[in-house]
Structure formats: structure tokens, C-alpha cells
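In what comes next, subunit A is part of two complexes: it sits with subunit B in the first one and with subunit C in the second one.
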Partner chain A sequence: MLVLATLTVVPGIYLALTALTPLNLANPATAWNFEDPLGNFRSMLEDPSFLHSVKVQAHLSAASVVLQLLIGLAVALLLHTSTRIRDVARSLLLIPMVLPPIVVGIVWLALFTVDISPIHRGLAWLGMPVGPLLTNPSSALWAVVLAGTWQNFPFAMLMSLAALQMVPASPLEAARIDGASAWQVFLHVRLPFIAPTLVVAGLFMLIDSVKAFPLIFIMTDGGPGNVTEVTNYYVYRQAFSFSLWGYASSIAITLVAAVFLLSYAIDRLTSRLDKTQGSLS
Partner chain B sequence: MTSTDRFQLPLVGVPGEAVTNRRAILKAGAGVAGAALIGYAPAVIGQVKRFSGVTLNVACWNAKYPVLLADYLPEFTALTGAKVNYETQGLQIYNQRADLELSTKGAGFDVLNITFVFTNRWIGNGWLTPLDPYIADRNKTPEGWDFQDFLPGAVSPLRDAKGAAYGVPWVTDSGMTIATRYDFLKARGLAMPDTFDDLEKIAGLVHQKDGVDGFLTDNHWGFWYPPLLQGYGGDIFRDAPNDLMPTLNSPEAIAAAEQLSRIVSKFGPAGAAGMAYGQSQELLKSGKANMSTVTHVAGMEMAAPGSKVASTLRFAMCPRGPKGRFPGIASHGWGIPEGSRNKDAAWEFIRWATSKELLSRMVSEKQLGSVTRRSIYGSPDYRKLINVNGQDTGQLVLDTIKLSDQGHMKYRTVPVYPQVNVQLNQAIGRIVSGQMSARESMNMAQTSVLADFRRAGVKV
Partner chain C sequence: MMTRASSPSPQAVRPLRKLHARRIGDAFTIVLTLAVLFPFFWLIQVSFRPNEDIFGSDILFSPTLEHYRALWKGNFPGSFINSIVTSVSATVLAMLIGVPAAYALSRAQFRASRGIRMWILVTRMAPPVAFTIPLFIAFKFMQLHDTRIGLIIVYLTFSLALVIWMMKPFFDAVPTALEEAAAIDGCSTWRAFFSVTLPLTAPGLAATAVICFIQAWNDFFFALILTRTQASTAPVAIVGFIQYAGWEWGRMAAAGTLVMAPVVIFAILVRRYLVHGLAAGSIKG
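Let's look at the complex of A and B:
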């Protein structure tokens, strides 16, 4: 308990206290100055760059979660009947998830660099040349989303696979006897069973998307301009480039609060799921 | 037994114990001669193994000199007895760690690089140790070490407003223009560009010649934009360091931003707007882009083995604008954090790492291409090393550094420049990628910088 408190609660309290000060490392007088404890939070609401970063974050999170869930579920549906090839494929598909995010960033930076990318060369060879995605303001964020999806869809795939294997055989058999097509079986039998799991997985992925720092650091540095500057990247700039630790802490604590709320939602959903499954069984 | 141990034999001998062995006398003589040869004897004689038991923590970013220096560290330990924990990191990571360490006056490091953009912040806040007492103390610094030998333009950013020195420079890098395919220019009867207008014209004329793009530079616009801005007669601040009101939306600033963005977007390869240093260097080295603005150190990489453009490389000074020539110049130097508990040993390290003798050896043994001592610039070995295709690039560097007397780099060493740097990077990025016009983007940069300043408590 003491270790847990030291590792989590104490830094958390320090972060919260710092958020109430205008701490600027270049100005020692700003440390532990609680004259205007809500000043940073007021600044946040008046800071267009911060508000922009929240919008970018929302865009990135929504797109990432939807894509990861759809691709993860689609792959899980392909893999959930076991054959030797599928077992091998299942293992191979887990590789992106275990790669360090920095490696993923470097790999995708290379894949999006027109002059050296096999993707760009292949598309050009097919007569469909594509310009640089990372420096185009319309596509830069989508390029980051794509890289993140490649890395994280295996989580959705694993969760979906586990849920699909839990679907009882009798309703599936009954549906088939009634002449339901594969699509109808999925839509009316499998999906309702796995939906709660997908919701929980989606919430986990939503929380994870808030940590989309390494890919942006490596691939775009928040650019072009600031179109890929998500909130935690903005925090990083405020703290490490400008030394405004008080302001950065106030944004960070707001993010922590948002993640806590999401965690609470997950907990409630999980409890409800448990109750539903308990009543079914 | 190392050469150091050899020359230390007579010095550490027990008093009264005669050194009778002829071989030992010869060895000792050779050792002292060796030490004298590397300019180290005076201090060593007085301080044999003076720092035994001391462990120095030294950090720098991973430029060529600090990386090469790692190979020589065992010699320092052999000479002084001090062990060295030495680390080099990427510039950005290093800056963050050093800034945090210095601002908290920690004792985690004994020697740190003073990064150019942080000079005012780190020195002005009293986070570093004044070095003049060490330089003037003949017990700690032999006369032959010669602080006056360092280029004044390299030392000046490492001094405070009163002229006190806080760092010893190990590099002064200067912005230049290069053509990786100068043969294309020669074939058209073109000389290297002297003005930014020349650069734009030439980049257009050679663009896509044999599939080679006309221009490419890395996306650190906070370094490459100010020479244009100042060339147009504008500046980053109204009068740095006294008046820090930013002037990023002046007519000159907008005109300069327009021209830079035009050159990059019209004559650069696909994705040029977002190319970081490593990416642009690789494309230039592989001959996929021709004209560039680079630092001298980066330009010399084009002449290194493995470069496809080594035989067609040409340098010129940074172009000038209608109001003059204002090349980017950056000095980095070794300093001692205020919180260090091993300051004498730290100074010994700095003195050793920047001695004429060690730097000369690094030039001849490791091809160190960028130095800060006048005596080394004058040496035939060094001039030969930085002669590229018959061109004496060393003279270009000296001419460029001399321009620092104009004081045009003052904007860069004010404590709030990091905020401006980020806003400039974003502003030019917006223009090059077509998100905004130059006027809109520079207006936005001005507003954002003012907001950042307010948040940081900077009064303008």
C-alpha cells in the first residue's frame, strides 16, 4: 500500500498542487505561489491553441477507436475458427501491438516518406501516385490515425476473438436452422452477445488514444502548422519547451480527470455486463 | 602501463627515494615530454592524480565532437584519476534534461553543454559557474592553454552581460548555402547565389534537372527564417534583449515568410515542408535535391565518404537580403552547473577537452571538422581537411563568424526564444503546406507569441 501510494498518489498530489501555481522554472518565485489557484484553468479556457489541441485530440481519438474496433472485429471474425494457418496469422497479427511506439513511429515515417516508401512507389507504379501525407494538412492527422490503428487494432481483435468464442452454440444453431444468412447470424445473434465487450474495449482504446504522443513526436512534431498537435503534445511543449510547469500541470490534471471519468464509466459498464451475463446464465 | 603512468613515475615517487634505474629515468622523461607535448604537463606536475576517486558526470548532445570525444576519455582518467560518466543524447532530449537539471540547481551533472538557444536563460539565471577565476588561476590553467585563442564570435554568446565567461566553446556552426550538384550550375554558367533572390532564381533554373529537385532544407524554420527576415530589414523582436516585443507580422516578416515558403514549396521534393534534419540530409547526400541552406557541419557531411555528391559539392556564404547578410550562427560550449560538487575536476575536464593539443589530434585522427580555436583554423592539417573540391570552406566559416559582430544573433539567446521558435516553426509550416497565407499565418504567430509571453509572465 505504501509503495502504491508513493508511486501514484504522491506524484498525483504534487501534480494537482503544481496545477494551482504559475510555476515557471525560469522564475523561482512562482514555485508554491497559490495566490491565484484557478489562474491556469482560466487561461486554458482562453487559450485558442489549447482548445485547438482538444479538438485535434477528439478527432484523433474518435477516428482511432472506430477504425481499430472495425478492423479488429473484422479480423477476429476471419480468425475465430481455428485452423493452423489462422493460428499462425493470429500470432503474427499481434506483432504490431508489442512493438515499442517509437519503432512504430519510425516505420510509418519511412512508409509515408515519398522518396523511399514502398507504398508510394507501389501506388505510383499502379498509376495512382499519392503525395506526401504527413505534410498535407488534410491528411496528416489521418496518417497518424492509420499508424496508430496498425499498432493497436490487435487489442480489439483479441477482445473480439475472446468474446466471439464465448457466444453460446445453441442460438447460432437455431438461427441457422431458421435459414438465417451469415450476415443475419452476425447481426442478430453474435453482435448482441459481443457488444458489451466491444464497448469496454472501445473505452480502453479511447483512454489509450489520449496517450498518442510517440507517433506524433516522431512523425509530425505536431505539424504541419499545428494540425496534429493533440492535448498531451501541447502539455509537453508547455512543460519542456517553455518551462511553464504550472500551466502544463493544470492541463495534465484535467486530462487525468477526464481519464478517471472514463475509467469510472468502464467500471460501471463492466459491472452491468457482469450482471447481464449472470442473469443470462 | 599507460603513457600517463609512465610520466607520473618520478612525480609520485616517495620523497627521498632516488630513481636510479636508467630505464625508469628514460621512461619518466618520455612521459613528461609526452605530457608537455599535449600541453598538459604544467597542471599534471602540480596535480598528479589529484582527482583520484572523483567521478564526473558529463552530458552533451550527440554532435560529432562530443561523440568523438568519448574515444579519448580513458586518457583523461589516466591523466587525472577522475572517472567520467559520459552521455550524449539527441539535442531536444538533452536540452530538456539539462534545463530541468540546471533550473533545479541539481548536482546530477558536473559538466554540461551550454546549448546556444539556452545561453541567456541558463547564464542569466545564475545556473552556471563563472569560469574566469579558473581561467586566470595558473595553478588550474597553464598559460599555454590560451583562452584568447578561441574565436571571439564563439565565446561571446557564452558570456554574461558584464562579459564574464561561463562556457568554453567547442563548436561554432554557421549557416551557409550549398549546391550538391554544382555541376548543374556550372553547365548553365551560374555562380553560387549571393542573394536570396539569386537563390530562388537558381533553384528554379536547376529544378528537376535530371530528376533532382531545386531546393531542400530541414524544417527548423526557427533557424532558417531569421536570415531572410533580417535580410529584409526586419527582426524577431523590436530590440532584443532590451525590448522583447515580437515583430513577427511586420511587412518585412511577411515578405520574408512568403519568399522562404515559395522557395521550399515550389522547388522542394514532395513533403519538403515536413522534412526533419535527418531526412533532408539523406536526400541531399543521395543527390535528390540540389540547393540548400545548411550549417557548415551539416554541409561537410555531404563531402564525407558514402555521399553521392562529394565530388559536385560547393559552398557559399549564407545569402544576403536587401538590407544585408545575417547568417545563423550557433555556439555551443562546456559549462559547469552551479550545483556541481566537483567544480575543480569539472574545470580540469573542460580544459582538457578544449585544449589545442587534443583538438588538433581530433582533427588529424578523427577528422573533426568544426573547431573554435584560431590556431587550429590556421593549421595546414585543418585547412586540408575542410577543403572541398578545391574550395577553402574554412575561410567561409571565418568570414561568417566575423559577421556575428553585427549582433544579429541576439534574438536567439533571449530566454523566451523557445516560445518564438515553436511559433515560427508552426507559422512557416502553415504557409508552406497551404493552410494560410503568409500574412494570416504571421499574424497568428504574433498573437500566439504574445499569449505565450503573457502566460510566462514576460512583460513586453
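Let's look at the complex of A and C:
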């Protein structure tokens, strides 16, 4: 526990302190210079690249969370009915989730490279040739979202499956006897029951999307230009390419604060969820 | 009576229609699963293709191990061993420290337990870049930069949080009455823990260890920043193929296949408990 404490708390404090200095590795004298503690945060607000990265981040996060939730839920509804085939599919579909992100990045990098990808070839064969997606500024972010969704939708699927299994049978029966269609049953009986779990799962995915790094690193390196440069990636560049440690730290602190707020929301929601489910069962 | 007599027809149709729906659903499931796993299998087959037609679409080709042999001669085996050493050590250490800690948290009602829960949540959630900036400087200072020990320490931290987070619900599920019974039969606390409680949570232990291992094994960011050449792990080595060796897709595919092999094998071996663990680990506190 002590190790855990030192390794999380000490860097935290250091990060907070560094965030208040204009530390630049090229200039050691800047290390403990507290003359203008909030300078970094001020320049953050005036830095168009940073603001841009936040916008990219918002795009990426919103698109991935929505896609993952929709696909995960749809697949879960399909696999919810237990047959032998679907039980096998349930475990097989988990594979993308456990793969190393770096491998996922390589696979999709290849799949998005026009002259070698079977997908591009197939589309061209069908008479719908598609140009390179990763080097096109208007589609690069979507290509990254697609790869990320492929890797992460199983999580939404798992959560949805778990939630669907907890829906009590009697209201479902009652709705069917009353002549509700499958769609109506889903919309009015199942969805309200699983909605809280979906919200929590969505928050988890939101946090994970803030951490997206390997896919972007491999697939686009933040480009073309900076259209896929999310905040996390921007911090990495500021710190490890430009050695602007102080500035990078203050952005990192801001990110941590945002994530902390989200975590707090999850914590509150799960304890509420535990209570309502406790009263149901 | 009459209305009843006319109703058998829908009742007779219904099971048939249900059977149909089932078949269609199954067929759809198969198509979907194949489509989703296509990129995965595609990578594996590319790794066995000869260089001449590495992206050929013919299904029949004579598989070759040339890419794997090329990997064997380069620096890749060293990185692969680094990956194994760091991930396994971090997992074993995290289990040794974390399991008793989770047990203690489950049995004793600490006032701090909510705080610990929150703290674990934050460690899991905070963007790694926030940790790497201070760690990078600290590791330079302590000469842990580019060493396996440095990486193990980092992985241990995150695995430890995960172990406590995942194991506590499993211990919560073991009724204390069992341990009390063991105590009455003359077991010491430790003996009761090892011979009664621990075996009951075996599936949880397996799932937790596997998830810890996967987490450490899959890490890219820390390894990228905190290692250079000596301790670099397999995922970082793969990136090297992109940056320095041009586009060697065959070698990259082979390396990718090797890197994902242990994770996929482990995941399939403990799949049932993994599902349980992943769901429990993320939803329940």
C-alpha cells in the first residue's frame, strides 16, 4: 500500500507543482520558478492548438461513446437469447477488447492503406472505390473512431448483456401478453431497466476515450495536420517532443481534474445503482 | 368456446415462427462474428504469407515462416522477453500484495474504505500522461529509466489497484460463517484464509491475474516513454519497425501476431471468469 501511495501521490504533487512553473528541460533554471504560478493556465486558454485539441477530443469522445454504445447494445440484444452458437459468439467477440492497442493500430493502419487493404480492394471491386481515409483531413478522425469502436464495443456489449440479464421476467411477460411488439417491449420495458447501467458504461467509455493514445500514435501521429491531435496527444507532444514540461503538466492537471469529476460521477451513480438494484432483488 | 376454437392457429404458428427467428438470429450471429473478427484473422494470415504476394487475396498460398525467422534474428526476442518478465513479475507481485489487502478491506470495515475506493478509481482513470511526466524525471534521477525494475514498479502500481478493486467483491461473496466454522474446527485465521476462503474465490483469482497480466502486457505508453533500448517491451519494438525499417508489413504482422498470442490464449482459457471479472471490475465498487 505504501508503494502504491508513493507512486501515485508523489507524482501527483510533483505534477501540481510543475504545472505552476514554466519548466523547460532545455533551460534548467526554469525548474522551480514560481514567479508566475498561473501563467501556464493563462496561456492554455490563449493557445489555439490546445483549444483545437479539446475540440478534437470532444468529437472523438462523443462519436466513439455513441457508436460503441449503439453497436454494443445492438449486438447484446442479438446475443441475449442463449443458443449454442450465440454463446460461442459471446466469447469470440471479446477478442478485440483484449488485444494490445498497438496491434489494433497496426491492423487498422494496414486496412486503411489503399493499395494493400482487402477492404479497399473489395469496395473498388464493387464499384465503390474509396480514397485513403487516414490521410484525408475530413475522414481521418472517423477512421480512428472506427478502429477504436472495433476494439472497444465488446465492453458496451458485456455491460448491456449483464444488464439485460438482470431485467426481471414478469414485466416482460406482462407486456407480451398485452400484445406489445418486440420493439415496444424493448423501448418501454427493457430500456428503462438497463438505462442506468448504460449511463455508467458510457461514462467509463468516455474516460477511456480521453486516454486514447496508441491508436492515434500508430495510425495518424496526430495528423494530417493536427486534425486527430486529441488533448492527451497534445500533452505528450508538448512534454516529450518540445520539452515544455511545465506547460504540459498544467494541461495534464486539467485533464486529471476533468477525469476526476467523471470518476466522481461514476462513483455516485454506481452506489445509487447498487441501492436501487438491492431494493429490486 | 368458439373464440377459443379459432385461436389454436396462432398458437401453433408461434413456435414455428420462433424457431425461424432463432435460425435467422443464429445465421446473423455467425456472419457478424466473422465480420468482426476479420481484421484479426487477416493479420495472422499476412504474417505467414511470403513477401512476394504478401497482400494477395488468394486463399491458397504456401505458408512461410520467413517473417518469424527475420524477427528471431533481430532485437525482437529481447523485447519480447522484457515484456514477459515485466508483465509476469508485476502480476505476481500485485497478486501477492493485493489479494490479502482486498481480503482485509472486505472483512474489516475501515472508515477509509470509501476513500481507498475513490483513490483506486482515480488511479485507474487518470490519463497515463499525467503520471509519466513526473515519473520520467524521477526515474532519470533514480536511474530507473530504461530498466525492467522501473517498468515493473509502474505496472505493479496499476495492477495493485486493479487487484484490490476486483478481488474485494469476490471476498464479499464468501460468507463469514464458513470462516467461523473453520475457526471453531481449530483453524487459525491464516489457515482459514488459505484453505477455505481462497479456494472459493479461485475463479476470481484467475480472472484477476489474467486481467492484470493483459493490462501490463498491452501497455504501450509507459514503455514508450520510460524505456529506450535496454528494457523496451514488445509493443514498443513493433513501432520501431514502422519508424526505422520502412514498411515491413510482413515482419510487423508476425510481431503483432506474437504479441497478441498470449493475451488471446489467456483470454480464451479463462473466458467465462473473464466476463464475470470485467463486468464486476468495472461496475461494482
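Following the convention adopted for this analysis, the second predicted complex is superposed on the first by the 276 of 281 C-alpha atoms of A that agree within 3 Å, B and C clash if a C-alpha of one lies under 4 Å from a C-alpha of the other, contacts with A are read in each partner's own complex, and residues count from 1 in each chain.
Keep this in mind: a residue touches a chain if its C-beta (ideal position, glycine included) is under 8 Å from a C-beta of that chain, and two chains touch if they have at least 3 such contacts.
Only a predicted model underlies this, so the values are computations on that prediction, with no experimental measurement involved.
For subunit A, the partner that touches more of its residues is C, with subunit B and subunit C as the two candidates. In the overlay built on the shared chain, the residue A:V114 is in contact with subunit B alone; subunit C does not reach it. By the touch criterion stated above, A:F240 is placed in contact with subunit B and with subunit C alike. In the superposition on chain A, A:L158 makes contact with subunit C only, while subunit B stays out of contact range. When the shared chain is aligned, subunit C comes close enough to touch A:I95, but subunit B does not. Of the two partner chains placed by the overlay, only subunit B lies in contact with A:T220; subunit C stays clear of it. Looking at the shared chain after the overlay, A:V167 reaches neither subunit B nor subunit C.
In the overlay built on the shared chain, the residue A:P137 is in contact with subunit B alone; subunit C does not reach it.
Counting contacts by the rule stated earlier, residues 115, 240 of subunit A appear in both its interface with subunit B and its interface with subunit C.
Put simply, subunit B touches subunit A in their complex at residues 96, 99-100, 103-104, 121, 125, 219, 269-274, 276, 279, 283, 288, 415, 418-419, 422, 425-427, 429-430, 432-436, 441, 448, 451-452, 455-457. By the touch rule above, subunit A contacts subunit C in their complex via residues 1, 3-4, 7-8, 10-12, 14-15, 18, 75, 78-79, 81, 83, 85-86, 89-103, 106-108, 110-111, 115-118, 121, 150, 155, 158-159, 162, 197, 200-201, 204, 207, 210-211, 213-214, 217-218, 232, 235-236, 239-240, 245, 248-249, 252-253, 255-256, 259-260, 262-264, 266-267, 270-271, 273-274. Subunit C contributes residues 22, 25-26, 28-30, 32-33, 36-37, 39-40, 42-43, 46, 54-55, 57, 97, 101, 117-119, 121-123, 125-135, 137-138, 153-154, 156-157, 160-161, 214, 217-218, 220-221, 224-225, 235, 238-239, 242, 249, 252-253, 256, 259-260, 263-264, 266-268, 271-272, 274-275, 278-279, 282-285 to its touches with subunit A in the complex. Taken in their complex, subunit A has these residues touching subunit B: 22, 24-27, 30, 43, 47-49, 112-115, 131-132, 134-137, 220-227, 237, 240-244, 247.
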